[in-house]
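Read from first to last, the chains carry the letters A, B, C and D; within each, the first residue is number 1.
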Amino acid sequence: MTKNRLEAFSDGVFAIIITILVLELKIPHDSTFSALRPLLPVFLTYVLSFVFLAIYWNNHHHMLHTVHRVNGRILWANMHLLFWLSLIPFTTGWMGENHFASEPTAVYGMVLLMAAIAYTILTMEIVSHHGPDSVLAAAIGKDVKGKISIVGYVAAIALAFVDQWFSDAIYVAIALLWLVPDKRIEKRLDEH
Amino acid sequence: MTKNRLEAFSDGVFAIIITILVLELKIPHDSTFSALRPLLPVFLTYVLSFVFLAIYWNNHHHMLHTVHRVNGRILWANMHLLFWLSLIPFTTGWMGENHFASEPTAVYGMVLLMAAIAYTILTMEIVSHHGPDSVLAAAIGKDVKGKISIVGYVAAIALAFVDQWFSDAIYVAIALLWLVPDKRIEKRLDEH
Amino acid sequence: MTKNRLEAFSDGVFAIIITILVLELKIPHDSTFSALRPLLPVFLTYVLSFVFLAIYWNNHHHMLHTVHRVNGRILWANMHLLFWLSLIPFTTGWMGENHFASEPTAVYGMVLLMAAIAYTILTMEIVSHHGPDSVLAAAIGKDVKGKISIVGYVAAIALAFVDQWFSDAIYVAIALLWLVPDKRIEKRLDEH
Amino acid sequence: MTKNRLEAFSDGVFAIIITILVLELKIPHDSTFSALRPLLPVFLTYVLSFVFLAIYWNNHHHMLHTVHRVNGRILWANMHLLFWLSLIPFTTGWMGENHFASEPTAVYGMVLLMAAIAYTILTMEIVSHHGPDSVLAAAIGKDVKGKISIVGYVAAIALAFVDQWFSDAIYVAIALLWLVPDKRIEKRLDEH
């Protein structure tokens, strides 16, 4: 079974999720710059979620590049990842409209946490299908970034009830951690 | 005629339908967890419809994998399937917002029933175009799952006027029945 | 220059237009069947527009199948077609919500007329790029269906101010005329 | 690393942005032609933004056609471009609903300016990855059109506070400048 349609379908879903995010930026009725000011938190959450989705697309792109065979388990692990990512426009809008209040900030982190777990499951399914000696398995290694992210999301969810700005700082830090493209895979691929 | 554009167009429609489903999850104005509670039925119907659409995409993917030639009848049978699937966001939203009331639950099943019939027609068109000795024809066999589903939808529509929870239980049962990827086709393909 | 991205982009736009059409079907607040009755005209226009867009996609698919080379003029003729098609959800919604009133019915026909003209221009650009002896040129022949459609749209626009049901009957008749897949091209292709 | 998924993902985002633009054309409740009159500025901005996005897609298509290798920097430069383009439906709607008032007209230009800068960065990344002797580097040459556009946008933003019709005239002029497909690249490619 080829991976082409899996990529095409995922690309479609990624493209739509990343684009409907912007629908949360409601057009103000007033035509002055000050009418844009209340939109600032919505805009900032838009940028943050855009970056997270771009990171997921980027890593998804890199990972599937190493994939040769796709089976039913991989298809469903991929659907599971897309499910959690599809909730990001909702959590983004809720956090943005409520100016980063505690509960929406925690829920934003929960969906990111579930997406990170889903991505880990997808990776494991692909590795188990291709064997521990495959390019991907070697490239992932101990997946330090993935583990840091999951710990970070758990901390951010808890800290949202202390002071949500800790949580937002953690989200930004995790995004920055991943903004560097996945050198691990790129490097290994160059060697092959 | 190649099947590539048929797949690409269908993937696009699947990706959009599955993503606009989430637009029914209206962002609450309040920032508390209790503001999320009224969204629970909408969320549950979202999960159910996401799973149904994922199942359709998965089976569509498997079936078209076996297809070599596409003709006008297959193109239209595919459009017919996409038409009924495109109504799922509407029926999902109606059922979710009305907390699984009888009529929306019945209409939800009617659209699923029409989609299941459309899928059966598409399968028959592909089989008749490829011949009764093709891989697909052999893999489909007696299509027990498809027949059970159609009987299940008819029962669910009728039972919605007795107690709609019967209907919802049937929808969940049918989804679980299909969640197992279509081993019939996968197995036959492995032999070729 | 290859035609693949032109097809991929067009497929994306077709898929999105055909799917956002359904967003005009606003979910009723009431949970009874009678709450669906006011939606009937919107649903009927949805079916009509879905069929028109499916016809366009089908014919676009057939036509591009015969295309070998793409140039800037073809890219823009294609964009021009997509522009008019992108207005169909608007005219569909306007006609449906106003229960087929005269003006919306006329505007619906105007957009279909412009799309038909844009399709004719696209065909001419492709034929002129491939030469009068190409498969496509031979397959199009005198383009009787295309000419009948354009005359039909003009008549429907005028008749909308006499009695809009004439116009709607013409729209349905044109859709039925095209529902038959383009045998002209399919037949010629089989000979090659 | 292949460029196919980069194209597919970008095509998806382009297709969705260009199509959700039309959602700003809100369906009037009245069924008379006069009900369409208030929509005229929204429609005109729709046409303008449609043309800009079509130009970007066209040029993106031409540019990626010359690309052989993709790296992480190119992926992110492309994401950066898509980010700014994704804001066009918002700025289009704001400018259209406020009948080309000064501030929305300036913000419309700012987003176009940022998109033009992002496109320049993407071009530079691709050229630097392929070398100064590549087809693309030769084809771009001094990029006169790109430089004129950036100067034009800056002027339009400033002039919006004098008289916004100057700005709108500049936007139309830049669109016309680009409507001619990028002969530079087409010509060079023909020579190879």
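The rule we apply is simple: contacts are C-beta pairs under 8 Å (C-beta built on N, C-alpha and C of every residue); 3 or more make two chains touch, one makes a residue touch a chain.
What you see is a predicted model, and the numbers here were worked out from it, not measured in a lab.
**Student:** Fitting the CA atoms of chain C to chain D, what rotation angle results, rounded to the nearest 5 degrees?
**Tutor:** Going from chain C to chain D via C-alpha fit gives 90 degrees.
**Student:** If I list every residue number at the interface of chain A and chain D, are over half of them used by both copies, so same, or under half, so different?
**Tutor:** different
**Student:** Indicate the whole-number Å distance between the mean C-alpha point of chain A and the mean C-alpha point of chain B.
**Tutor:** The separation of the two C-alpha centroids amounts to 26 Å.
**Student:** What's the distance between the Cα centroids of chain A and chain C, rounded to whole Å?
**Tutor:** 37
**Student:** What parts of chain B, by residue number, touch at least two of the other chains?
**Tutor:** 8, 12, 15-16, 20
**Student:** How about chain B: which of its residues touch chain A in the complex?
**Tutor:** Residues 7-8, 11-12, 14-16, 18-23, 25, 27-29, 31-33, 36, 47, 50, 54, 57-58, 61-62, 64-65, 179-183, 186, 189.
**Student:** Along chain A, where are the residues that touch chain B in the complex?
**Tutor:** 1-2, 5-6, 8-9, 12-13, 15-17, 20, 24, 71-73, 75-76, 79, 82-83, 86-87, 89-90, 93-94, 97-98, 101-104, 107
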